[in-house]
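Everything on this sheet refers to the single structure shown next.
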């Protein structure tokens, strides 16, 4: 039973790795922030951070519910081109 | 004693040649129009036709005075690019 | 022709433009923009990361939006990911149109969105340390022009 | 780098862009526009005439105006004269800048002026007859944007 977190951009630096597996059956947004510790959790709490669940942007982070086998991507503000 | 006329764009078609020499010591705008005949003179009379005297655009055509050895270019509306 | 690519390795923007122009003989004009890693300012490398499930689909959607918004005969979007060095091309956009204003506007539109609304993250290596590039206020303003 | 050329013979816009980009490694981006003779619509040849005492000096003045108006690192204007066939390039503009908006705007500005305010006359060969191309109302409107 695991949910995969993918950290993009500078969130990967804060997380210490680009990916992390969490051994849990389900995961909500508040659980995620609490489980990430003060520094990373604080960065994730920014309204500028967006979240994708299995490749689809989550419109309302507060209502997020990830399940076993899901991939959750944490996306800070972009800087392409 | 001659003044060279250079016809650009479709004015060259109307003039029958891209250049013409006029054997005269001086030439004003009204003389030029009168000397070119109805069809070409009528086309030249358009306010959209501009005139360059020795490579410099003439701001006020009515006050034009070309002299022996001068080159007078007749420039219809452009269509480049 | 709609040609959207995300590349892990280097590419030649001039050759891409030549191929694109050759494919659109009926176009009156082709506008393009090439973004490259700037030489100078002490940057020795630049790295672009992306998120595969979103990045290429987002670029394809952007191409579709540009094709529906402007009167185009073709559009090419090419974006690098991975590590690059000064002078390397990062992004190339080419638009072919009957009339030039459509082509130029489409390139402008696509670049604003690739810069401010596409799933890329950029960092620069300066004096041996990586620095993440934050979005500029100007990029947000540029993007807002199209809303 | 300011590179302004009036050419009697064909040129390769992609090669010109490559050379221009190579000369500006410090630029963040390079915008370009290539105008070409459209294939189709029954046009078998296009001829551009010019008036030597005015045309190249006018292009040089246009380049200076663009360089003073936009924050550019370089500008290249190349324009063909003489007879061309479908697919041949007519005009190429490249602008290098630190930021993309300057480069794109400079290309837009230069093209509007080359189209509507430079000393060129264009005619097309259709079904064996030459037809002079009149300026379009749109070209005048495009030009008026910069006044």
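Chains here go by letter, A, B, C and D, matching the order in which they are written, and residues are numbered from 1 within each.
The working rule: a contact is a pair of C-beta atoms (placed from the backbone, for glycine too) under 8 Å apart; a residue touches a chain by one contact, two chains touch by 3 or more.
In this text the structure is predicted, and so the values were computed from the model without any measurement.
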Inset, instruction - Sort the other chains by how far their Cα centres are from that of chain D and give me the top one. - result: A
Legend entry - chain B-chain C separation of Cα centroids, rounded to whole Å: 49
Legend entry - Distance between the centres, which are taken as Cα means, of chain D and chain B, whole angstrom: 27
Inset, instruction - Mark out which residues of chain B touch at least two other chains, giving numbers and ranges. - result: 81
Legend entry - Multi-chain contact residues (two or more partners), chain C: 35, 100, 111, 115
Legend entry - Each pair of chains that touches, named by its two labels: A-C, B-D, C-D
Legend entry - Residue ranges of chain B touching chain D (in the complex, touch as defined): 6, 8-10, 12-13, 52, 54-55, 57, 71, 73, 75-81
Inset, instruction - Spell out the part of chain C that touches chain D in their complex, as residue ranges. - result: 12-15, 17-18, 21, 25-36, 38-40, 86-87, 98-101, 103-104, 107-108, 111, 115, 138, 142
Legend entry - Interface residues, chain C side, partner chain A - complex: 35, 48-49, 51, 53-54, 57, 79, 90-91, 111, 114-123, 132-135, 139
